[in-house]
Every structure is written in structure tokens, then in C-alpha cells.
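Chain IDs A, B and C follow the sequence of writing; residue 1 opens each chain.
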Amino acid sequence: MAKSKKKTADYVIVGNSVAAIAAVEAIRETDCDGSIIMVTKEGEMIYSRPMISYYLAGKVKLKNMRYREAGFYKQHNIQLLAEKKVVKVEPKKNTVKLGDGSLIGYGRLLITTGGEPVNPPIKGAAVKGVFNFTTLQDAESISRFIKANDVKSAVILGAGLIGLKAAEALLARKIKITIVELADRILATTFDKKASQIIDKALSKQGCRLELSDSIKQVISGKGKVTGVELLSGKKLAAELVVIAIGVRPNIEIVKGSGIKVKRGIVVDNAMQTNISNIYAAGDVAEAAGFFGGRKMVLAIWPDAYRQGRIAGAAMAGVKTRYQGGIVMNSVEIASVPTISVGVTVLDGSEDNVEVLEKSDLKNSIYRKIVLKDDCLEGVILVGKIDRAGIYTGLIKDRVKTTSFKELLLNEDFGIISLPKDYRKHMVSDVPMMM
Amino acid sequence: MKRIYISEEYCIGCRLCEIHCLVAHTKSKKILKAFKDEIPKDATAAVLVEEEGHLSFALQCRHCSDAPCIEACMTGAMYRDKKTGAVLHDEDKCVGCWMCIMVCPFGVTAADPATHKITSKCDLCAGQDSPACVANCPNEALVYEDRENES
Amino acid sequence: MALKTYESEFKIVRDDSKCIACQVCVRQCANNAHIYDAEDEKVYADDSKCVNCHRCVSMCPTKALHIEHTPLQFMGTANWTSSAIRNVIKQADTGGVVLTAMGCDKKYPNYWDRILLNASQVTNPSIDPLREPMELKTIIGKKPDKLEFENKGGKVSLKTHLTPQLELSTPIMFSAMSYGSISLNAHKSLARAAFEYGIYWNTGEGGLHKDLKKYKDRTIVQVASGRFGVNSEYLNTSAAVEIKIGQGAKPGIGGHLPGEKVPEEISVTRMIPAGTDALSPAPHHDIYSIEDLKQLVYAIKEATRYTKPVFVKIAAVHNVSSIASGVVRAGADAVVIDGLLGGTGAAPAVMRDNVGIPIELAIAVVDARFRDEGIRNQASIIAAGGFRNSADVIKAIALGADAVYLGTAALVALGCHVCQKCYTGKCNWGIATQDPYLTKRLNPNIGSGRLMNLLRGWSIEIKEMLGGMGINAIESLRGNREHLRGIDLHDKERELLGIKAAGETW
């Protein structure tokens, strides 16, 4: 095989995570023969990124981290280039360039490079014991570090989804944690203060703390290893481990200057197509329509990465389906309190025709909140009891007017039976529809 | 594919479907033995009868053609059986992240507090000719048919 | 509260080794005879509520239930039976009428069980219905005195004008049971089965629900003394119209559907305000003579432009043959006779059990009278009241009936266990009730299928019996009493029935 020879394929996909996998599966539903090349800078194993917290927690073995079996590439007739970094996309030449200088020509290109952790400049952070938490490698490194240094306490910067997942994992390893968050509550995009307080209480029962409206000023170390942190407020916390999890930003390095339109992420339409007709993007790297209209957004959550990947794959293979727009949603269990939050749940008071329904039983860590706009569900927060949460998600997606059953929404036994007859019948008696 | 269809106008709320679903998922599959020895006391069946006044219906996984639970499931535990088209759940893979609970518009996946996994998700009785809930419904409030291929 | 001095009639026996406390019985019993105790996690029974309808027994998934007649009986005598004593006590308690339902519950002679059928041997061969054609087709309505034909250049056609008739695929129809006394799902089951099997069903006196109009060509609409739901459209949404004068279960009295059983749907169908009592007067207030009846018959014929046969239904009472004769002279195309055992949704027990005559005798005397008077062809005879099996049907036809009406048998096919509590409105089988929680229990898809099974089964048996007699069409058996013999009957009874004694030859 001549090394210099340029490879080409009908479909080239950058990345081998969920968006990429969903795309391949969709392509192969219509096109069994088109050649596919997948390039990833990580290993060949198709692992589930969110599961790194369960892995770190010791709840799953490496083998169960597999999102798809090892035979996936062969089964789907894919040529995989693992541990190869794409450095540049060249739309004019229909090629991508790899780190080793080789080129791959494509018929259609899908970019699913995901996100990369945001690392703010923190004084003294360049020492051992400071980690990000987004890759299997991160989880493995943290795990090794904990063992080697007998870590007893940790500070997590950022109480977003990833920070909380890290917290969950470290709690499972019996490490005392403090979560430092700049906002006045955890999960600031989807949680309100009350929900945050319930979790705060549950955490403190386990000897952990939340430091809200604060951040890390500097990392304190000794012998090249973390020994603690100093917060903006001046508080000092001892810790042998620091996890920086203040967010991820779209990994758009490779398209810079290529002519592909980017804002925060790669801008795509409802078929996941970029401004260049044979280039698509999906997952955490893409900036796509939001469900409630308004500006396009980057939505770094799993279900949407899957959905966008599927739509992109189908579109590349010639089947048009439409992205309905992303809805933020998180399911996080922390300190044994399950929580689910979906859609718009935080209001600044300027919204019109918005109504908030609420019910709480703080003693039992139970809280339910529903946000309605023009009587349609726009958001829900469930803390403590999350049974059948998806019914609310369904109502949001189907834009169901709740006028006739509003008063039932907060009931513990709210179910399909509570829905108006026509909608209910359509739900239970028809062929289950696409959502 | 063959699916379970629900007629709420004929569901009489007897809950025989729930009872027989539980039995069908025991080792013995014998109702007396199952209830005396095998089924835990607060076990929930994969089919749930919702009831309000004289209205009732039994709801189990709809095996959605474009299943939101499959796309939300980050472990691959929720998957589609290639042969039957059924949406199945692999308890071994499940880690209890409750993503499926968050997205299932029918609310038919439920958490088992004991195992911290999704419990008793409908498996269409593993491709039996007639699933237990359908076979034991006394009033044809549940029927198992292939309606999609009808013109 | 005064001491209750009579005990429950039934005893609920629960086999604890089989009960899994699934509470299906609790959910299914509309009488609340089963009670779940959450603390004990056990199901208990209240015998006093049990009506022995067997719903719980049938539904129990482990077959842990059994109902017994309570072994506790009053001392009593041969005449002062437990039920006689119980009724006296109940009436002394309440001062009311003892209500009941279904058909007569007294042990009068059942003539069907004292009539034997004939079969062919050697000289006239029997016929195998599986190999040879066998006709059960039955025509109901007036038949002309004679038929005249026309021959136009080799093309023969019928010259005689025929009055409207009904064609049945088997000599059986479903008798009048009103919407109100039974549920809409029961009506749907009957209508659909009749439609698909090629027979007829009867609305009863409660009107025709809008959902059932599509079965119009297989529907007999009834006009009774309350005239519920009757207008020109109703009369014309039918295959035939039946005027109800009397009912075998309660000859001489009217009906009363209490207001609580008149919800919206029923009120619309009956064309009366919701929640008001639906009263059917004992007589039609515009009929006091055969001449008056004739006016109504012809009013209906006019309203339906002479396109539909008109039936008149009377109870089998002492003068049934003269009354039936009058009915024919009033212009009826068929006379329906409802016998002593005819059912009802509600009647005073004293009427149900003591008034009227057996249908067997009524058919025989009416058929004989019509023949004597030379009017047998002017109207069909339809017999009703207590037909339990195909042998009863074929005997009725040999006695002279054209077809029979099934009431109770149809309900039993739909699930009825003859507990006789129709009047309470709490039928656990979803038949004699309007409670939406209960009516759902009768799925018309299942119900109509079961009714068709019954019709099919009986028709096959009728063919077998006909074949055995060497007859290949039901028409040839009609009024052919030589095929019947009486057993254990007095001479007078045999004389009235017009049959020889078992052992007598042709």
C-alpha cells in the first residue's frame, strides 16, 4: 500500500462517538454500499462518554462501557482510522487533512468532533491532581491518581451536568467533595434555587458542601501536587484532587478558516447541513435550532447528539427528515436524590403569559415544578420522585394545550389517563408515532 | 410489526393483564407458585393499568417506531430487536441513569429501587404468539395485531 | 334498626391456599361482596351482598372461589319453603312488592321435555345434512292465498302481488329487549350478530340508538304503550315494525324504568328528558278493541308505505287463540306469542310466576285455530319465551310456529348467568345495566361472535334432526305434528297440543 496515496470515501465521518454512530446506522438503513471512513483521535472502542462517571465510580467495568459491540465497524462495512487527528477541513478540495499530513477525500463529510473542556486561567493549576472530566482517558487518569495518592477530599469546579456527574462518581468512591459554582445554584441552566437547595441539603448530609456564587482563585500545591484551593471569597479548602468542569465548548478547531460557517459551534440547518452543501455537522459541535425558536444554540446533551446524528446520516444518504429543535434536558441523580429537568424552567420574570405550578415536600426531598406558556408546557423540574417524567417531555414536544387538565399536572399519579380524550386516544390507540 | 393495541372502551380494569405479565416473567410461569414464592411483594408488571372513574386502560411499552428511549439511552441497554422490531432492555447494561424515564412519552419505563436499574420493561413476552397480557385479557381490550401492513 | 331475621342465600367460599389477593374479585363485584383489607393484605367476603352471578368465580385467575347456596335453611314444610318464608319476612320488613327478573321460576310442567321427535328408519331414508342440501330459510309475513303467474313469450313471471316479508337464514330471531333494560353494548352485539347471520333483532320498546341505524335492514323496531323513541324516521329505520301489546313475563301490566336508569344516551334514544321515569302504561291508551288495534296497524303501514311487515306481540293468556285470530284480522303480518316462561328485566315476582300459559300449548292452539278459520297463511306465528336449545326450537316449529324469538338464551350467550337481578341495574356481566363501569364488560366484538356461534350451533343441530326425520327443509316440518309424540301427558294436554302419545303409530 503506497503511503502517499490519497484515500477517498463516499462518506467521511470525523468522530466515533454517539452522533457518528447514529449517523452510520442511519446511512446504512438506506445505503448499504457507499464507502464510509471514520476518523477518530481516540481509540477504536466505541464508548459511551457519559458513562465515564459510572466507570470512575466503579459501577461499571470497561467492557460495559461499550456503546456498540466491537464488531460494529465490520458489520457496517466501515474503514476506521483510530488515533488519527483531523487537523483541517478543506471544502474546496473535498478533503480533510490528518495530523500525519495524509489526506482523505470525501463525497459527503460529517463533523461530529464534540466539545472540549473549557479551562479558565487559574493560578497554580498546572500541577498534578488537576483534571478535566470528559474522556475515558480522564476517568482512567483520575482513578489512577486517587489510588496512588489515597485521595480523601476533592474540589469540583462547576456544578453543571459534568461537574455533578463527577461529584456523583467521587461520592461513590467515598471522597468528600466540595462543589464550587459561580452561579447561585447548581445546574444553572435547568434548575431553580429550590431544586438546588434540596440537593445542597442531601449533599451536606453526606458531609459535602456546595460553595455557590464563588470560584477558584488559585490552586494551592505542594511538591507539584494539589493540596487545596483558595476561592474568590477567600475561603481555603484542602483537597488532593481538583476537577475543572465549567463546561465544554464546541470543538471547531478543524473548520476554522475553511469557509464553513461557525458561531459558537458549526451552524447547521434542520437537516444538519452546514452552509456547504456536502458538509454536515451533528452533536455537541453543532449549533442548531432550538425547540422554542429564537437563536440557534449548541446543545451538549446525549439524546440530541444521537438525534442529530441520525438526521445527518439520513440526509447524507438522501433521506430528508427534520430536526424539531433541541430541548435542554438532564437526568442527574446526586446524593441518592434523582432529578430530571427538561426545557425552560428558569424565568427572569420578563416573560409574558407564563404560569408556574409548584408543589414541594422538602422534608422528603420532593419537588415538582411546571412552567407553562400560553398553557403549553415549556419546562419541568422533578426532584425526588421522577416516575413517568417522560409524559411531561412528550407534552412539551407535542405542544399540547393543557388548559383542560392543568390542575392535574402536579398530581403524583398524573398519567396518560389525565390527558384529554383525543390526545390520549391518539397516544394509546394509534400506531406509535415519531416523536 | 405486530403490536399490542389498546381499546380503552373495553378495558374493565380487572388488572388480569398485570397479574399475568408478572407470572409470565417468573421462572416457573405457574401462577400459584409465582405469587407464593417468586414475585416480590411490591413488584410492578411491565403493563400498567391506569384507572380513573369508569375509564381504564392497560399501557405497556408501545415499541415506538422511532423510540426516544433508544436515542436517550447512553449505555446501549435499550435497543431494538432486529428481527421482531421490539424495543428491548438489557438489564445487564443498564446503569440506572433514568434517561429513558425522562423521555418516554408514555411513562412506561420504571426504576427498581432494589437494583437501581430499569425494571420489568415490556419485552412483548419475548416474541410469543400472544403476549401474556393479551392472552389473558378477558375482554379483548388488548389485541396483538399487525396493522401497519394493512392497506 | 330492626333485627334482620333471614340470612344470606349464598355463601362465598374462598380457598385460602389459592387466593393470591390479586383483588380481581374486589374490582369485579358491583355488589361489593368482596372486600380487600390492606392491613391484613387479605380479601374477605360479605355473603349478604352475593347474588351468585359467578362473575368473580369466572374471573379469579387461580380459581380460588366457589359460591354455594347457604346450607342454612328454614325449618319450613314442603309448602313453606325457605324462599316462601324469606319473601314473607322481606315483605313484612318493607311493605313492598317482591321484584324479580328473567323468566318464571316455578316448576310448572315443561312440555318441551314431554315431547319426543321422530326419526326415519328403513322405509323413508334419513338425510345426511353434511352431504345433501338442507334448507332452513324461513319467510315471515303474509303469504298469498294462491300464486298466479304470467307467461310472456316463454318468460314466466309472478303476477300475484306479494306483501312485504322477512327472509331468515334460520328460523330464529332475537326478541325485544329494550335499550334501558339492557346495555348499548348488548344491543350492538345482537344487532351485529343478526346482521351478519341473516336474521333479525328487535329493539324492544326503548327506541333505536343512532349507532345502530346501520343495521336497519335487520332491525325490527318495536312500538309499545310508552311509544318511546317512536317517530316516522324510527318506523322507517327498520325491516319490520312490532306492536307490543303484552309480555309473557308480566301479562297485563306495564313497565317502569326508574329515572336513575335514564341517563343522557337513553333519554335521547327514548326521546324523554334525562332522569325522568320511563313509564309504559299497562294498556295502549288508544287500543281498547281489535278495531283500535287495526287502526294502529294500518297507521304504521301507512307511515312505512306498506313496505314493512307489521307484527303484533301478545302474551300467551287463556284466550290466546281468539286474541291471535283477532290480531290477524286487524291486519298483522305476524303474531308474536310470548309464553309463561318469557323473560323480563323487571317484574313483580307474583306476576312473573303466576300469570299466563305455557308457550307450547299456545302455539298449538293458535296454529289450530288459524287453520280452522282458514287464515293460517295470512300471518306467521312467532313463538317466544324460554327456548333453551335447538330441540325446543324444532318442536315449536313442528307444533306450528314459523320462527322463534330468543331472549334469555341470547343473554346467556352474552355472559348472563341468570342470577335474576337485572332490576338492580348492577349486572356484573355488563348486560342489564347502564353503569359505564359495568357496560364495558360486554365487548360487542366478542358478544356478536358468541351469538353467531350459538345460531350456527343450533342451526347445525336443527339440520341434523331434520335429516334424521328424512326432511330436507324446515318448511316441510312446520305444523307437522305427526313428527311429535307426547310422553307423561294427560289426554287433554295431548288433545290441545294435537299430538299422539309416544308409542302410537301414524
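The rule we apply is simple: a contact is a pair of C-beta atoms (placed from the backbone, for glycine too) under 8 Å apart; a residue touches a chain by one contact, two chains touch by 3 or more.
This one's a predicted model, so the numbers in the text were calculated from it and none came from an experiment.
The chains that touch both subunit B and subunit C are none; no such chain exists.
Chain nearest the geometric middle of the protein is B, using mean C-alpha positions. When chain centres are set by their Cα atoms, the one at the greatest distance from subunit A is C. Our note on geometry: subunit B versus subunit C, Cα centroid distance of 43 Å, whole angstroms. Between the Cα centres of subunit A and subunit C there is a gap of 69 Å. If each chain is reduced to the centroid of its CA atoms, subunit A and subunit B end up 29 Å from each other. Among the residues of subunit B, those touching two or more other chains are numbered 7.
Within the complex, the subunit C residues that touch subunit B are 18, 20, 22-24, 27-28, 59, 61-62, 430, 435-437, 440-441, 443, 445-446. Residue ranges on subunit A touching subunit B, taken from their complex, read 18, 22, 48-51, 54, 59-60, 64, 66-68, 302-303, 306-307, 310, 329, 331, 333, 338, 340, 342, 386-391, 393-394, 397-398, 415-418, 424-425, 427-429, 431-435.
Considering their complex, residues 3, 5-8, 50-52, 55-57, 59, 62-66, 68, 71-72, 74-76, 92-93, 95-107, 109-111, 147-148 of subunit B touch subunit A.
Within the complex formed with subunit C, the subunit B residues making contact are 7, 9-16, 19-20, 31-32, 35-36, 53-54, 136, 138-141.
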